[in-house]
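There are structures below to look over.
In what follows, chain A forms one complex with chain B and a second complex with chain C.
Let's turn to the complex of A and B:
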């Protein structure tokens, strides 16, 4: 069974309760922040801030539009981070949560490079750092609770449940919304499908969701090369051994010729 | 050759002079840089990556990964390419002494890479963990770790005869003789491991897919990396021979290296055509005329790293030491340019990253590289049979050799 979250951006009022709940449940320290051009605060996610409400202000047809996007791990069905992890420290659990085993992680940081959403964040400021990201509150959902952000959301913008049911609900809301929603469930196909999905009443370009992300399964990008290794090695072996046999034969013939000449 | 060998002490395990290495001002300068790198390494150990490098969440891989691993490994490609030529191609025996330099250089580069990587990863003492406790078979990095670890064993056996040749005990001679008989097997394993990890170093970057800058996006970046590694193996030999022959006043093997030149130029031509073809197939060929900084870097890489060495190494200039050195050096620089362009120019675009290497970060990379050169001179001077047959022992060496 794959759990997931459906985030209805039209219901989000930007209170950042989810940000606070996440910090509190996961015992994450506060960060010194500064104000940027908008009200996103902290301005970026980090090893200590796993989710943020991203504020985006834009001019649309002469009107100023402000949007809020809850950012964080998408919990891909086929996670790139899991596929590239050298130590096998990142695992997609049976309930759909993608988690990091800090005892296994060696800190190669390949997951940061592989993740198409830029989710994993590293404790660069520590001598013995850990790779951190949203765990879908793996500890809570294993015990039948909702993730902290979903539990705290006062407007019901963050819904937790089985992915299939949430996907059906998302499509139902879009269908019954009479054009209120953009006809797109973000996360249904993005990066090969994700457990965290979004629906929005404003065009996705006006949110901070990565609209340019591939819909292909990202682990396949490297696997298409990896799966050819046996053929590559076989080819190299045949080439090496064949060439060696040829060289030995040539050397023998040359030696025989020389021997014949002397005799 | 040495007076110590004439009066052996039975308690000594290895009977040889260990300190034939001579300090010179040049080596002193390199050693000072090496020491500076060691200081940076210690500081990094106590203060962490954030305090010593320009790494941040937007740019997870910096100089220590892109140069110290992804560039240094193909610099050590001399080992598998020259061993392949020495043991598998017709008339390969003539490359015996080039191969000796090639495999010791490769061993130094690979060991150096391992040490440098340990300081790059977040928790250095866990560097061996994925191999000891198991890892993830889908990860190209895991595959590289295994291949490199096993290839280091191969390199040990490819080099240990230089030490054995210094010995006089009969059982060492017998063991060395036996090793020479099975050495082609080790070489074969080394070649297979090398085709795997040199290509996987390219696979690493394929995870970014088409997020990568179209100038460097290639659907089969792994094979581009493998082919350029093979070319670099031969080209680096030309550079290494130029420096070694000049420094140790050896004969520069123009004839032997000139035979490799067309192969280097040929491989580079194939790669160049394939890269352009792949761009055209993606409908991105117009990108090479779009005025951007990246475009200038691309042209620099292509003209200096492909067109120039192809022209030099196919021409009659390859029969001169200068031509071989220029062609070899440009090929190596082209390989480095490709790795840096993919690892920094294209990757930073894909990740929308901000990254500037810090002074300590650069010092570590420069100092560690300087250190490898000093270590090379140490091995060459300590084990003279790397340079050529020893006059007094020529006959005995031939009797032992294959």
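Let's turn to the complex of A and C:
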């Protein structure tokens, strides 16, 4: 069974309860930030900020429009991140959550480059960096709870449930909305289908959703692109074998660190 | 609020005026959304800034700060002239038909009875605002509402000047926009529609704030929107328990339950105080509430013989003791010491640089808070020289909300008990513990050292001990009230007596905690779906668990609901079928209760006209904010003539209308991520990272004019001070067109200060020390400023 989330952007009011709830549940630290040109902050998602509300304020036909887009991992049905991960660390779980096994992750960042949404992020400041991203609150949903963001959302903008049911609900809302919604369920086909889906009452190009993303399943498509990747991440000499060795060293280092009493 | 949060699901048209629910009361959007989904409700947002609520609105209209009466008066005019008011409701349930004194007049911006002082300040003699009465003292009425001296016609005449064109010019909106709002909102002026007006500090923080609220209430009465499901005048209280603190007399001129505070000169005896008890309406029972209060406080020492210890009760002198007056007195060196208990006025107070300096005149200052706030650290703030400041500051660490138990009263008057979840950290203690220790120490000092008048302290009935900690439950039981002899909890204030046989700390709370095992404020039973969502089994709402105030108005004279789909009550020929606690005598036939649907009011009807409740007029009139970019076109008085202008001294700096040195309107507000003065939120990394820095919001057009790019630093100046912060440039802000001229609006949040993890300039260095004529709430929302490019870009911290 594939769980997922339906994010009804028409209901989101940008309160950012979800952004805080994510940090709270996942024990993520606050980051050093400073004022941006709008309210989005942290301005980019990172290893410590897995979901953000992206603010977009614009003038359209003489009127002001403001949108709030909850952004984060889409939990693809066929995740490119999983298919490019040479360490086999990323896995799409049976319940639909795409998770990273940190004992296996070697921090090569292939997944970040492979992901059509640029989701997995690197722990730049750690001696032993790993990739981090939203887990769909795998630990919570495995225990029958909703993800922390969905549980927090005061307006009901984030609905958690079975993907099929959410997709049907999305279509129902569009059909019965008297033109309130744009006739498109973002995530139904994007990147070959994702477990996180969106509906919106404003044209999607007024949100921060990536409207240019392919609707093809990404893994096959990605492999074509990924041929150039070793050059990108540190030269052709980086061999997967070497990376595995690194992975073992990382595990050792981490164990030492834990012994040293550091977090 | 007259209604309650869950009741928003019953609304047809929402008007958000001077509040920002999506940003400051996010949970309310759940109910607003439910009404939109299930009833096709519409959301109107009227605000100077395109805020996060505006982003969700069906209709957003920009309004110039401080012009709400022009707007609301325009809506009333529209409703009355287009017949879009609820005639039967207005005629039967309000004082629209009452005839007013023949000499009543409104001329040149003044109501009749104005006594103009030397300084131009006005005080009113309200004789000509009163009702006409026949020989027996009964009010003369004209049920047809056509007599030229009846309230309805006087209002019609008064607001005839508030044409759509005048409103548009004054408020900075287009005529079309105004008419669009007017059409949509007055569509609720009929039996089967419910309109809800939500407001908060955007309405109240004004030199005519009380009249703003009156105007909201009057519009709602005209439309028949009071006392019905989905309607109401709904104040969004700015803190989780600010309703509770007001109920418990946090205002200087109230006793708990809104009993008026006696005055030393006018009410030297209990008899003199009781003589002011209204003769009709529910307030005629005030005697019982007062005696029970005295009994709760002085217990066995309060007897019939000593007037229930009335002499022990502190009384008012002739002065005002609201926030601004206290600080002005402090500035003059008249105060020795001060408790800042969960208050951070060194960020939140108006003209805050002066208020911070005034604190230096204190001998001692006690701050009870979670962190070292700007108030506790005022002596090391910007421009302060610690060496010159002699004030001794005590900082008592307080427990946070999860570290203590007690009740919280929400905006809908629901009182809910919360248990303690965790122990306070370090030396922190809950407020009750601190108050209890403080009292016991004072008592000990009075007992051993005496004093001018020790009895009020020594003889207090203070019986809350439970082991080594005072019991919040025992306090709650006292507030609830009990019979003195056998200590049986009271279930309603109907059982209160004026002979000392009952004690009650706050009459309106009577019933919420009548026993220790299953007090109603702990109850958590929900209604079945498909009902009106009054949830009478969930918590307890004052008064008597009533969810919608004045709810007799939801049914017609014969007890039938105006809207059969929303039957809060229905008379079945013998009794009322009820979904709420009646605000009327439900055992009477409906034709009887129809005579006084507003039982708290002396006349028993809704007051479109206020003969004596207000200091500045029986009906609201538009005046400009004290600092305004334009002259008043609706009348010859520039600003509320009753507003107190101290004029002299360091707090008195004000800018005259149309001053070219201060061409822009300035306004202040809050954002979701921070809370009030930021005392709590600016020390939380998860909140701070989202809103790290103070900013100044300007429109793209003003930015272009100043040559400012987003993030560039700007200096904002008023006659009181200046600050530097980066500019936030988005089309959320836009200029308004006022009387043919384009005026820019500069907005900023007021959350920042120099303490905590996230620091920045305090907006209140700019705000004026001037306030509402009735309540003295400061005019934080509309004043004049100038803005210049300051050089450099990025945050300014510290």
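In the analysis below, the second predicted complex is superposed on the first by the 221 of 263 C-alpha atoms of A that agree within 3 Å, B and C clash if a C-alpha of one lies under 4 Å from a C-alpha of the other, contacts with A are read in each partner's own complex, and residues count from 1 in each chain.
Simple rule for what comes next: a residue touches a chain if its C-beta (ideal position, glycine included) is under 8 Å from a C-beta of that chain, and two chains touch if they have at least 3 such contacts.
Quick caveat: nothing in here was measured; it's all calculated off a predicted structure.
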Partner chain in contact with A:191 - chain B first, chain C second, else both or neither: neither
Residue contacts with chain A in the superposition, chain B compared against chain C: B
Which of chain B and chain C A:85 touches, first, second, both or neither: first
Which of chain B and chain C A:6 touches, first, second, both or neither: neither
Touching partner for A:113 - first (chain B), second (chain C), both, neither: first
Which superposed partner A:74 touches (first chain B, second chain C, both, neither): neither
Residues of chain A at both interfaces, chain B in one complex, chain C in the other: none
Residues of chain C defined as touching chain A within the complex: 22-23, 26-27, 29-30, 33, 50, 52-56, 60, 671-673, 684-693, 695, 700, 710-711, 726, 728-732, 734, 794-795
Residues of chain B touching chain A in the complex: 45-51, 55-58, 60-61, 84, 87-92, 121-123, 126-127, 129-130, 133-136, 138-143, 145, 184, 188, 191-192, 195-196, 199-200, 202-204, 206-211, 220-222, 347, 351
Of all residues in chain A, those that touch chain C in their complex: 11, 13-17, 19-20, 23-24, 29-39, 41-42, 57-59, 64-68, 154-156
Residues on chain A engaged by chain B in the complex (per definition of touch): 44-47, 80, 82-88, 104-110, 112-114, 116, 118, 121-122, 124-131, 214, 216, 218-219, 221-226, 229, 232-233, 236-237, 240-241, 243-244, 246-247, 250-251
